[in-house]
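Mind having a look at this structure? Questions to follow.
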Amino acid sequence: MPQLPPSVPLSWYLALSLILFVLGIAGFLFRRNIITVFMSIELMLNAVNLSFITFSYKLKQVDGHIFSFFVMVVAAAEAAVGLAIILTVFKNRQTLEIDELSSLKN
Amino acid sequence: MDALLFMIFAAIAVVCGINLVVQTHPISSALSLVGVMGALAALYLLLGGEFIAAAQLVVYAGAIMVLFVFVIMLLNAGTEHKGHRTWAKYAGVPLLLVFLGIIANLIANRLPASENVVFGQFTKGSPLEIGRALFTTYLLPFEVTSVLILIAILGAIVLARKEID
Amino acid sequence: MQLWLIPLLPLAGFAVNGLLGRRLSKTAINAVAAGSVVLSFVWVLKTLSTLGVFGGGNPLEQAYVEHYFTWIQSGTLNIGVDFAIDRLTAVMLMIVTGVGFLIHVYAIGYMAHEGGYYRFFAYLNLFMFFMLTLVLGANFLLLFVGWEGVGLCSYLLIGFYFSEKFATDAGNKAFIVNRIGDFGFSLAVFLIAMHFGSLDFATVFGKVQSMPVESSAGWMTAIALLLFVGATGKSAQIPLYVWLPDAMAGPTPVSALIHAATMVTAGVYMVTRSSAIFLHAHGALEVVAIIGLATAFFAATMGLAQTDIKKVYAYSTVSQLGYMFLGLGTGAFSAGIFHVMTHAFFKALLFLGAGSVIHAMSGEQDLRKMGGLRKYTPITFWTLLCASVAIAGVPPFSGYHSKDAILASAYEYAPWMYWVGVFTAGMTAFYVFRAFFLAFFGEPRWKAAGHGHDDHGHSHGAPHESPPSMWIPLAVLAVLSLVGGYINIPKWLEPMFKLAPEESGIPWTAMVSVAAGVIGIALAAWFYLIAPAIPEGLARTFSTPYRWIYNKYFVDEFYDSLVVNPTVDGSRSLLWRVVDAGGIDGIVNGAGKTARNVGGILKRMQSGSIRSYAAWVVLGSIVVIVAITMAGGAR
Amino acid sequence: MTFFIVSIIKAAVVAFVLLTALAYLQWLERKVLAHIQLRVGPRRVGPHGLLQPLADVIKLITKEDMMPSHVNKVFWFLAPFIAVLFSLIPIAVIPFGTELSLPAINLGPVHIPAITTAMQLTDLNIGVLFILGISGLGVYGVALAGWSSNNKYSLLGGLRSSAQMISYELPMAMAIAAPLLALNTLSFRGIVDGQAGFFFGFLPKWTIFQVFPFNIISFILFIIAAFAETNRVPFDLPEAENELVAGFHTEYGSMKFAAFFMAEYCNMVTISCVATLLFLGGWHPPFPAQYGSSFLPSLVMAGAGVLCFLHAMSPARPLDRFTLPVVGVAFFALAGVFLIPAVALPLMPIIWFSAKALVILFVYIWVRGTLPRFRYDQLMRFAWTFMFPVAVVNLFLTGLVVALMA
């Protein structure tokens, strides 16, 4: 079996964050349940956080952590409002299908 | 050791992420997202972000996702069925591949040869440091965020008052 | 030493009265309003005593400065919020808080029956705050803040009876005319910031003194003149004096506090404060002197024929301010400030007395409808007498000292100025005593005329003496205006203004001015006590000059036809019809039309399905990233 | 290498002790409840029913494990495991005592080097946050169980528990934050070290006595929130049997049901340990050694022995005449053992620690035997209109005091 290196290069973390981000976009593009779409957004946010932390490690500065902390806080606010909106939508439309919620046009 | 841990948790994260996308039931997606978050928390620890790891668990996994699960249960949303197809569905895959390719290329080529991540080298992630930075350099953003949170709470209450009672 | 407490106490009073006044009882409002002012007065006393002013020695040789925080920090320009006390400021502080307190007490009695009670006191406190900021500020910007603030308060208080058209008009007039002056002032401030790279008094004046008089006299003169434009606006000098007489539409305590004692002297203070600049611009000083003299003279002549008691005193205020500027212009800054103080005493007293008379006549202001009030309002009578002799420059009362100092320096500067000044002094004595005699002597004319309109809410038969809250301040001010002349301000200000002339000028100048005053009094007595027929006769014989004087030289009409109407017509016909309707609206509508057209095209992209939006976003981000990479941004 | 071995041994010990403690905690609860209600409680299996837990375990294992047809299988299976997992993890960061140092032992071929290790699995320097996070995850078990059982009672139970746990996590976190302000560390060991010593020689420097009186308030808040977090009476809405049959675990039987039960008790133990560490000074004695605090355990043991003999005088069952004296002798022996310094010194911290934890656990049971259950809206209103504001104000005041004293 191939011998594992004692530690991994920084770019692997970035690659992981990229993969997660793309997965998030994919979820956003291909899922129809509005809640799932919402969760894909959260996934993207997490990916970005990971890259923040990674860069913060590279630059040996704490700022990245602060940014990701703010991202979390904003995500919390967003989740609260977004879920409330979803509840309202469901009450008015009895559906969570994103394609049926296209009343923005006409 | 570090590499092993990274492998394990990265694998968990990726698998859960894929699961999030492919699962048809919101609950399973939610749980896989929780899995991703847990794995990421572990990775943060590897990167020396103790506080962020804990915050990840408390805030994301412990509060936000619980909220998601709560709503999913409340609406008792079933599995989704085939909807009509938009052009995005066809354009999506190539777009994503292009995106992936470009960024991967950037990471692979444009980034300078980055050093290895060794656990314990970066010690600025302790609650002490974070708190210091948060209350000196980033004081104003911090306060503004608190206001944002307040507004969000009020908005959520106003929006959802009639639903939950 | 917590200088900030001094202005902040009145501000607190304003906050309390302005926010909660509607709910508070009158007693509470009085307590807050007068209390805050008396507290700041006490604090001023404490501060000064801590600085050793009342002790012996030579305190406050240089200013005591307190820095609070940096307000503006841009490039090299660094403006801090800091207060300073030097000898000049000390004098002004004493005047403002002391007289201010007395007038607050007076107002409690005077406004007792007015509506908007708490509003009045809130404004009054706010005015105190801004005035103290103006006096304490250690740089031109803070001075300007206070400057604008007192302007605002004066506007609010002139238009206090906002239900009356003339009051609001007067308020607007005061505000707009002051704007002209403030414009000059702000230009001066810009020039100063540009040339000295700072607005701090200390820095600026230090640099000024360091440079020789000849060099850069040009823009120095410009700065000085612009500053003086501001002063003419605030201190009602020619050509911007027109607002002050109308400002009498406000309640009498306001006239006393703002338009006689404190605010109008702000200009004098400002010019004195920047004496260094003026001393480096002799042309400007000359202008100051001439303008002051002209104002003194013409205002005095206008005062001769006024029939409204407050108007008389208003013009006398303008004329006295002219005196002060004459003093400044002739280099006797300390004498000017001296006159500021004495004038604060006796002019405040005159106005308050007039207010008391008006109160007694329950709202009647016309001298022709008064008379014989002596036995009804004895206290007012005596106090007003004190004030009149003081302003007439009869030794040894306060007016004599200060006016004499000014005239002496005027004589040293240019004898003709001195003679005009003396003549003006005579006129001053004349019209002041004219008003005095008309009000208190002769047979009562108010019985026949009945009471005028009664805006005091309660009508009664005979005139009545005012309540103690009104006559006690009168008494205090009377004492001050009698003995105030012995507070040797020029001596006190010696270290600041080396150029102040010797206090004991040429003795005969003093005698002549006194003689002029006495002659004026005698004439007034002759005309209005012994032979009341003469004035009408004179008015008939010299009908043309009389009409001119009576109509204040038609200056207002002149301004209307020259400035106001053209502006109004111009803006109506050109700005509104052409520029606004044509240009601006055109731009706006055009923008709207374009937006609609573009939107019509972009609308196609908006399918309404979120996923297509997401796809668009991805596409866009790809494009951006590629572009950045191409540009070599992403390393 | 020794590190791994030691860690494994420690883990094994801790797991064994914990699981036994859980089983006997349940026995204790039944006993105490019984005495509160003037009953006798389990008594048949073993002396004073001491073997009852064993019997229960056997029963639960041997029961038929039936799965309802209408449940969502994956999550229905997953839920109990999640619950147990997240209730067991936190014990890993909880210290039970000071350092334990064993001398090197030579038994012919076997050679064990001298070992010095902390009585703790691991000492994270974010231990408190870690526990908060993990216990926050515990809700998934309940919520999933409630949802996946596909039964309206269970669903209601799940919803209730998730909402309730989220709501009570805030005051709990704030109540924890208040003492941390004074101690300013997040590692449990550091926290306990910060509470060593005595005020005026007799009053222990425990957190509750430190920023008087605010930390007492936060202690009370913490205990209340802890009751809610562990779904115990009076906050056991998720399993309110008279409203929701059995709430989220209606559909569960045999070991899965036992898993939920275990999770609940494990949470209780964890929370009690946390309370002990954060507020009650961990393993520090309540009064100084010169007043003989080190003899207290021996005294208690001796007292227990005497008690056993007294009971043996008037036995409730004929068998007691023989069993009780044996137990009494055992107690006396223990008392003697605790007089040996070599044994007492390392054990003393653990004794104090577990004593304090047991007191809190007893309070749990006591409350359950005493208080009625809240109504759900009362529960929520209590959380948001009383607990939360009080916690905020308390936190603020504590910060103020600490800042002023610093």
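By letter and in written order, the chains are A, B, C and D; residue numbering begins at 1 in each of them.
Operating definition for what follows: a residue touches a chain if its C-beta (ideal position, glycine included) is under 8 Å from a C-beta of that chain, and two chains touch if they have at least 3 such contacts.
Please read all numbers here as calculations on a predicted model, not as lab measurements.
Shared contact partners of chain A and chain B are C. Each chain's centre was taken as the mean of its CA atoms, and the one lying most distant from chain C is D.
Chain C and chain D, compared by their mean Cα positions, are separated by 77 Å. Centre-to-centre, using mean CA coordinates, chain B is 65 Å away from chain C. For this pair, chain B with chain D, the centres built from the Cα atoms lie 32 Å apart.
Counting only residues that touch two or more partner chains, chain A has 25, 29-30, 98-99. Looking at chain B, one finds that residues 51, 55-56, 63, 67, 74, 86, 88-89, 92, 96, 99, 103 touch two or more other chains. The residues of chain C that reach two or more other chains are 607, 609, 611, 614-615, 618, listed in rising order. With chains as nodes and touching pairs as edges, the resulting graph is of another kind, matching none of line, ring, star or complete. Chain pairs that touch one another: A-B, A-C, B-C, B-D. Note for the complex: chain C touches chain A at residues 606-611, 614-615, 618.
Of all residues in chain A, only 4-16, 18-20, 22-27, 29-33, 35-36, 38-40, 42-43, 46, 49-50, 53-54, 56-58, 60-63, 65-66, 68-70, 72-81, 83-88, 90-91, 96-100 touch chain B in the complex they form. Listing the residues of chain D that touch chain B in their complex gives 74-75, 124-126, 129-130, 132-134, 136-137, 139-140, 143-144, 146-147, 155, 158-159, 162-163, 165-166, 169, 173, 186. Chain B contributes residues 86-89, 91-92, 95-96, 98-99, 102-103, 106, 110 to its touches with chain C in the complex.
On chain A, the positions that touch chain C within their shared complex are 25, 28-30, 37, 98-99, 101-106.
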